[in-house]
Structures are given as C-alpha cells and as structure tokens.
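What follows is a group of structures, each given as structure tokens.
Two complexes, one shared chain (subunit A), two partners (subunit B, subunit C).
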Partner chain A sequence: MRITVKLFASFRLGRFKFAEQEYQVGTDCRTIVLALGLTEAEIGVIMVNGRHAALDYVLQEGDTLSLFPLVGGG
Partner chain B sequence: MDKILRVNMSTLSTAIEPVPAAWAGLGGRGLTSTIVAAEVPPTCHALGTFNKLVFAPGLLSGTAAANSGRLSAGAKSPLTGTIKESNAGGTAAQMLARLGVKALIIEGLPKEDKWYSLHVNKDGVSVQEETELIGKRNFAVIEALEARLGKKTGVLTIGPVGELKMTAANISVKDPDSKLRSHGRGGLGAVMGSKKIKFISIDDQGAPGVKIADPEKFKVAARTFAKALLDHPVSGEGLPTYGTNVLVNILNEAGGLPTRNFTYGRFDGADKISGETMNETITARGGKVRHGCHAGCIIQCSQVYNDKDGKYLTSGFEYETIWGLGADCCIDNLDDIARADSIMDDIGIDSIETAVMFGVAMEAGILNFGDSKEMLRILNDEIGGGTPLGRILGGGAGSVGRAYGVTRVPVVKNQGIPAYDPRSVKGIGITYATSTMGADHTAGYSIATNILNVGGYVDPLKKDGQVELSRNLQIATAAVDSTGMCIFIAFPALDIPECLPALIDMINARFGISLTGDDVTNLGKHILKVEHGFNIGAGFTNKDDRLPEFFTTETVAPHNAIWDFSDIEIDEFWNF
Partner chain C sequence: MNNILTFLRNRADGVMIPWTVQQEAVEQFGLSFAAVEDTALTHGLLPARYQRNRNMLSIAEQLCLFRCRIAVIGCGGLGGYIIEQAARLGVGTIIAIDPDIFEEHNLNRQLLATPAMLGQAKVDAAQLRVNEVNPAVTVIPVRAAFCTANGHELLKGVTVAVDALDSISYRLELAETCAEMQIPMVHGAIGGWYGHVATQLPGDTIVQDIYRNWVQGKGIEKDLGNPAFTPAVVASLQVAEVCKIVLGKGELLRHRKLMVDLLDMEINEIRYNEPAQVIPYPLPFCEYEPEVTAG
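On to the complex of A and B.
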C-alpha cells in the first residue's frame, strides 16, 4: 500500500521532507519509525491524516503519516 | 528596601512609597493586576485620566535564576476594555529589580499639550519635557537615547502608533542588542501615549541589587531549574533550533493553522514560512539561529534573521506573526513577513493584532490576499503615517471589521484571535473565550497538551477535558507570569517533576519564605479572580466569554471541525 510519510524539524536531517513509499498491508507506525532509523524515544508526535495516533496504529492505503520530535513554541 | 515609584502626570510630580504589606509577596502580573484592580475604576475610559499604567518586574527578576527577566505591564486595556497584563523580555525588568523598584505606577494626564519622558535611577523617578524625539520611530529613539544617556540605558518606548493612541499600539522594550521586545497585546502603547510619555529611560548604576535571603538554597534550586530547562526537548533543543516558528508545520498538519482569515485550517505555502525553512535561511545568510530576549535566558528561542544580502532584517521573529501575515493573509514570502515584523517594531504596533487585522482587511477588500507589497506599504505609510485609513487599521481586527461590515472577524473581547483555530484545537478556544485578557493564547496554552504531547494529551477535536485543561493552565500561567519567568518554562514544568519545585524553592530562598505548591496554585486562582472581578466591574458578563458567531456556523477543513461548546459548558470554567 502507498503511504505518504512527512518528516519535520530534526527528523529531516539526513532524511527527507515528504516521500510516498510502498509498505506491506498491515504496517503500523512503529514499523515505519524504526525503518527510518528513528527510535521510539525520539518520537514526540505522530499524526495520521492530521489526527494524533499511537505507534501501534495500523495504517491504511493512502494514509499520510507525519512524524515530529517533541517541539513547542507559542 | 523595595519600593513603589509613583508618577502623577496631572501634577508632573513623583513619589517613592514603601511597599504595602499586601503587595510584598507579589510580582509581575500578580502585582500589576492587583494594583490596577485596587486603584483603577473599572468603568473608566482607558485613555482618560483615571487609568493607570503599571510596570512590575517578576518575583525572581534581577536574580541569577534562568529566564527570569520578563517585565509585566498592566492597565485597563483600550482595545478590550478589560484589565490587561502583557509581559516582555528586554533589559528593563532586571534593571528595575536591581534598583529595588517593585512597581512603577503612572497615573493622571498632563494638563498641557506637551510630551514628556520619565527617567528611573537609584534616586527614584523624574519627569522631563521631551521635544526632540516626538514623532520618531522606535529604532531611532533607541539610537538617540543611547547617544544621549549611554549605551547601557534601559528603554521603554512608544512609536507613532502609540503617540496617536491607536488601540493596537505596543510598548517596546530595548533588548540586550539594542533591538526591541514588545509588551504587545491590548494597546498599552496607547495608554502610555494618552499620558504623553514618549519613553522611559532606566539607569541602574549604583543599584543596590537583589538580596537573596538564603543564597545557598537559591543556588542549588537555580541549578536544578536550569538543568530541567536544558534537559527538556522543547526548551533545550526545539525552541533554540527552530524558534517558536516550528509550530507552522505541526499546526498545519493538525488542520489548526488558520488560513485566509480563518477560512481553512491548512495553508499550501506552509513549508515556505515554516521554522525548518527559517532555520535553513538564517543559517545560509549568516544570521543567528539562537538569541535570547534577555540576559539569563538559556532557551534562546529568538533569532537574528538577515536579508538575502546578509544584512540584519529582524529578530524576535515569532510564530504568531509569521502565521498571521503568512497563512492567514496567504503570503508565502518569509522575507516580506520579516520586513513587516521590523516595521511593526519600528512604528510600535502589536504584531499579533496587526496580523489578524490584515486578514480581516483583506477580506474587506482593502488589499488582496497574498499581496505582501501592499501590506508593507500600508504598514509603513498608512499606519506608520497615521492616515485616516491607517488609524482604522491601527485599531486592530475588530476596528476594521466594524468599519467595513465584515462578519468573519476573529476577536474575543475585541482582541484578535492568534494562530490556532479554536474549532480544530478546542482547548485553546476555551482559553480564548474565558481569558480575562480577551483572546490570548499565552493565558492558557492548551496547544501543549492538545497538539504537542506536553503535559499529557487531550484530543484537540473533542470537547472532553478541554475546560479543565484550560482552567489548570490559566491558573498555573497567572502564577508563572508573576515570577518574571518566560512562559516557555511551562514545557519542562509540565513534564519534569523537579522543575516546578525548584522554581518554588528559588522564590522561597529569595524572600526567606516557605510557599508550597498549593500556595502557588492559590496565587494563580487569586490573580484570575481579581482580574475577573475587575472585568465584571467594567460591565463584562459571561455572555462576553464567547467566540465569534462564525465559528459556530462555518466548519473548518480538513476535519470539518466546528465550535460546539454550549454556554453552560463554557461557563463551567469559572467554577473554582
């Protein structure tokens, strides 16, 4: 299935901003996080289609996965 | 001994007063709000003789505590008609604290049509007539005063917008690099203008300094506190690297980035104006990614942003400004937004109110969405020049909305709604609705928990838990705003258990007292109730704690979210 992966802040360094990637049906967020060389501890916020999601959330065809370290401002 | 400095502009006289016992344990917002509530009739005209402008450093300002250099300014707001506290960095808070100035209270109105300045030093405060700098913009004022009084002089100044008493006028504070930080919100620059004070200069030579009751305990607590700030990923890494503007992309992803005057929740040009792009641009042009707004800041969320030729363009370039002139005005040119930021500093106008105002002005057809060149011209020539149109725009979002018959006007209590759509980030909507300040994200920054996973997580798209979240944050914020601390210490304070006790230990060690966590919470509740009491006295009711109608009738993409809190649900906020 096709998943759009978006990376933000320091996650972009040495990786990419946005990429469409092929994954096996049933892939969860954790699998993609680890495949990107990120650790669970580094993850601040996960969004799927603009909604917050957990690491074990199972993705669907066409989903957009957005990954952020802990960031803030205001 | 700490003292109160009082200036009466009606008689052009000054006084040094002892600190009343009831004010001794207060600082920053707690003190400005207490003084305004005690001494200003709530129904008075904010630009009239009965309003008072109060400055107060925080409880820890002037000490070695990290990030303790914020100055509170308070008055009745000419923009909202409510009580107002607006705090800013710069050098003034620490200078005033070292001089032992607990608060500076300015009252009355001059009888003659003349302009004045105030000068604060170890002997107190004096009033002088000012002629040379009237009509000058803020950067010229700073330059002239450094030449006149010395490089180290602290300065609070208003630009032409404040002189003309436009209700979006700010008060600028000189920062350590002779640039500007702002008491931005609520039109306090117009209050200073009404009192015909162009600037306040501060000389802290010979200042007695801040006495610490228990220096050893203070040192230990200060070290723990600073470590917490550096250890937390937000205050220790994210903010110093990307600034507050890191929020553009995450709010855009979440569908909470108000776009085209609050019509959509995402902006196609978001990445071009994002913190990540800004970081790359600053680095490529030889600017500074990290920069503190006051000495002792270890978070360093500010930056120095240069133009393409490597020349200084602006600093203190914040998310809310970039969001507002960017997404909300459909402008994706970060350089033009930086130029606007610099002009706003120079003419002395709140960059949040003005950004929200431009979204409404574009909807009104005064200029087109996306037209950054016309936006710059209007800022510089119309508002900076004080033309009739400029004065309508300089009155803020509500002003231009009324003048042009616009119905989509994002304000609460006439103050522009910043940077986070309350339909898709519902906790912040409760803060906008209920804050004693009018729409103010900093009053109870639910974004931390709704979007950023700091202090837990409350789903931004659901109503559950939002009132309690906003209430807890507003109480904590009122207390933190009294310490002189930057509000960004809240990120580690929400997540690292040692952080808040260390902050309280520093206050205890500074004054030789023994506050508990509960005392601090009660202080926050007390401040909110004092402020709320002032607003009720000014004629505000629960019916004013509401968001504009369009949020209840227009959904916002991509989540088709709507503002769906009942009046009863919102009013539950004040049940504490």
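On to the complex of A and C.
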C-alpha cells in the first residue's frame, strides 16, 4: 500500500520532507518510525491524515503519516 | 499620597511622566519606583518609558500589567528573554525561579549570562538586570527547582506562569500545579532550530497532551543544543501570550501548538482536542480603570 510520509524539524536532517513510500498491508506507525532509523523515544507527535495517532495505529492505503520530534529544551 | 500625585501632575507632559520626574519623586518622597509608577498609572498618568506601548496598550492596560504578577520558571535561554521583555512591557512583579548558576556553555544564548556572571545564581542576575532595565518592576528571585512539592508555595497569587524549563518531567509538574491552582500557563520549548509554544488555561490539558508519548529523558535539544536565536523567538511568542492573557485580548494559542522551524523557515500549527468543559476566555484579570486625571 502507498503511504505518504511527512517529516518535520530535525527528522528531515539526512532524510526528506515528504515522500510517498510503499509498505505492506497492516503496517503500523511504529514499523515506519523504526524503518526511518528513528526511535520511539524521539517521537513527539504522530499524526495520520491530520489526526493524532498512536505508534501502534495500523495504516491504510493512501494515508498520510506525519512525524514530529520531541522538543523539550528551555 | 496626594502630595506625590500633585507633584506628578504638575510635572507631567500631557499625561506623560518623564523618567527624570519619576527619579525626583523617588528622592523627594522617599518612595520606591514601583510606588511612583503605581500612583501615576492609577491616576491616568503614563510613565514616559511606555509611550511607544501606546496606542497598542491603553493606560488602563498598562496599569493592569503593572498590577499583575507572573512567575518565570527557568531563567536560562527562554527565561532570560521572557524576563527582559516582561520588564520592558511593564509587568509589575516577576517571580524568577531557577536553581542554577551560570556556566560557560550558557554564554551562546542566555540573555542574562555574561562572563562576569559565571558562577553566579541565574535568579540573582535576573534581579540585577531588571533593576537596571526597569526599576519599577519587582523581581522576586527564588533559587530553587520547581516541583509539585514546592509549586503551590511558589505560584501563590500568580496571574500567569511562564514555562521556561529545560526538563519535560518538571514541565509536566508545572502543568499539573497550574491546573490544580487554576493558573494559566504559557508553555514553550526549544531544541536546535526548532521550538514550539502553546497556552494552557485552567481546565485545559494541552501540555500533558503535547508530551503524551514522552516516557523519560530529553528531546532533540540533547543532541542539537540551542543557538542564540531560537530561545529569543520562542520567548517573544510566549510573552505576547502572557500580555494577551493578562489583558484578555486577541486569540490565544489555546488547543493548538505553534511549531517554529527556523532552518526551513516554516511555522506549523498542530491542533489538540478541547477538554469537555472549556473555561471561557477572557479571564477577569484586567479590572482596573484609572481615575480620570484633572486638567
């Protein structure tokens, strides 16, 4: 299935802003996060089609997954 | 008090009180700059230092800011700029909370950090700086780490709490304390080229929601550090929110987080769910009307 992946802030460094990628049916957000070389601890916000989602959310054909890093400094 | 009022009125330029007149009033009547400013604003006279705040802010609003008390939790990257801007804006009382001293690695970005201040408490630097910038503003320095155990004591009587912390766990404790005490909180966080801001009014849960995937540790700031400009940008957005909360004007960053990416120069907004019961805004803070000045 085709998933649009959008990356934000530091997740773009050495990766991309926007990519359409092919994944197996039943892929969840966590699988894509790990495939991108990210760790769960780095994730601040996960959105699927503009709505907040959890790491174990199972994606559907045509979904847009947006990933934002955790920011906590002051 | 009538004497001081007559003194100020006689020397006013229209409704404006020049700085030299404030100084003379302090010397002649043995008052603090805060007392002189309070007398002026209460009677519709504007200390001339605030003349460029008009007509964005009325004298009544300037008085409202002067009578309010904010807590700035963290006096590092964000906190230094927040305190500076709050003092220039005319916020009357600033509680500055931070347990740390200045270290060399603070010098690249922290407004209050100078080579001369290395080894000195950040909260003491905050007080010294504000005394120089705007002597009418009272800084209450608290050299302690904020947590739920001391939070109620530290935030007593506070109008708005401003989050300038560098720890997600302490930030969540601040959010919890603000929720319990019904205090609005302006949340800011930075890392590298990136930062975000959101406002949590009593009854809202946005800070918890922002960090709902957090388990432990720091964010991207751990690897990226922080440059000079990111804290300045995010702190400015936070102070604008503080000003609006106190004066009950404009649209707040409520139920939404504004994310700033200074590398790609993008601003994105993420929406968060509204709680079942949303407390109405504006809040009834700005209740002062200056007495009309004669002549």
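Note that in this section the second predicted complex is superposed on the first by the 70 of 74 C-alpha atoms of A that agree within 3 Å, B and C clash if a C-alpha of one lies under 4 Å from a C-alpha of the other, contacts with A are read in each partner's own complex, and residues count from 1 in each chain.
One rule holds in what follows: a contact is a pair of C-beta atoms (placed from the backbone, for glycine too) under 8 Å apart; a residue touches a chain by one contact, two chains touch by 3 or more.
Just so we're clear, the structure is a prediction, and the values are computed from it rather than from any experiment.
Chemist: May I ask you to decide whether A:G72 touches subunit B, subunit C, both, or neither, giving the answer as first, second, both or neither?
Modeler: The answer is both, since A:G72 touches subunit B and subunit C.
Chemist: A:A41 contacts which: subunit B (first), subunit C (second), both, neither?
Modeler: The second partner, subunit C, only.
Chemist: Classify the contacts of A:L55 with the two partner chains as first (subunit B alone), second (subunit C alone), both, or neither.
Modeler: A:L55: touches subunit C, not subunit B.
Chemist: Using the touch definition from the top, say if A:K6 reaches subunit B (first), subunit C (second), both or neither.
Modeler: Touch partner of A:K6: subunit B, not subunit C.
Chemist: Report, in rising order, the residues of subunit A that make contact with subunit B in one complex and with subunit C in the other.
Modeler: Subunit A residues touching both partners: 8-10, 12, 17, 44-45, 47, 52, 68-74.
Chemist: Once bound in the complex, which stretches of subunit A touch subunit B?
Modeler: Going by the criterion above, the answer is residues 6, 8-10, 12, 17, 44-45, 47, 49-52, 66, 68-74.
Chemist: Flag every residue of subunit B that touches subunit A in the complex, lowest number first.
Modeler: By the definition above, subunit B touches subunit A via 232-235, 237-239, 241-247, 249-250, 253-255, 271, 275-276, 301, 318-319, 441-442, 445, 447-448, 451-454, 457, 459-461, 487-488, 491, 558-559.
Chemist: Quick one: which bits of subunit C touch subunit A in the complex? Just the residue numbers, please.
Modeler: 74, 76-79, 163-168, 171, 188-196, 210-211, 213-221, 224, 226, 231, 259, 261, 264, 268, 270, 272-273
Chemist: Touching subunit C in the complex: which residues of subunit A?
Modeler: 8-10, 12, 17, 40-47, 52, 55, 68-74
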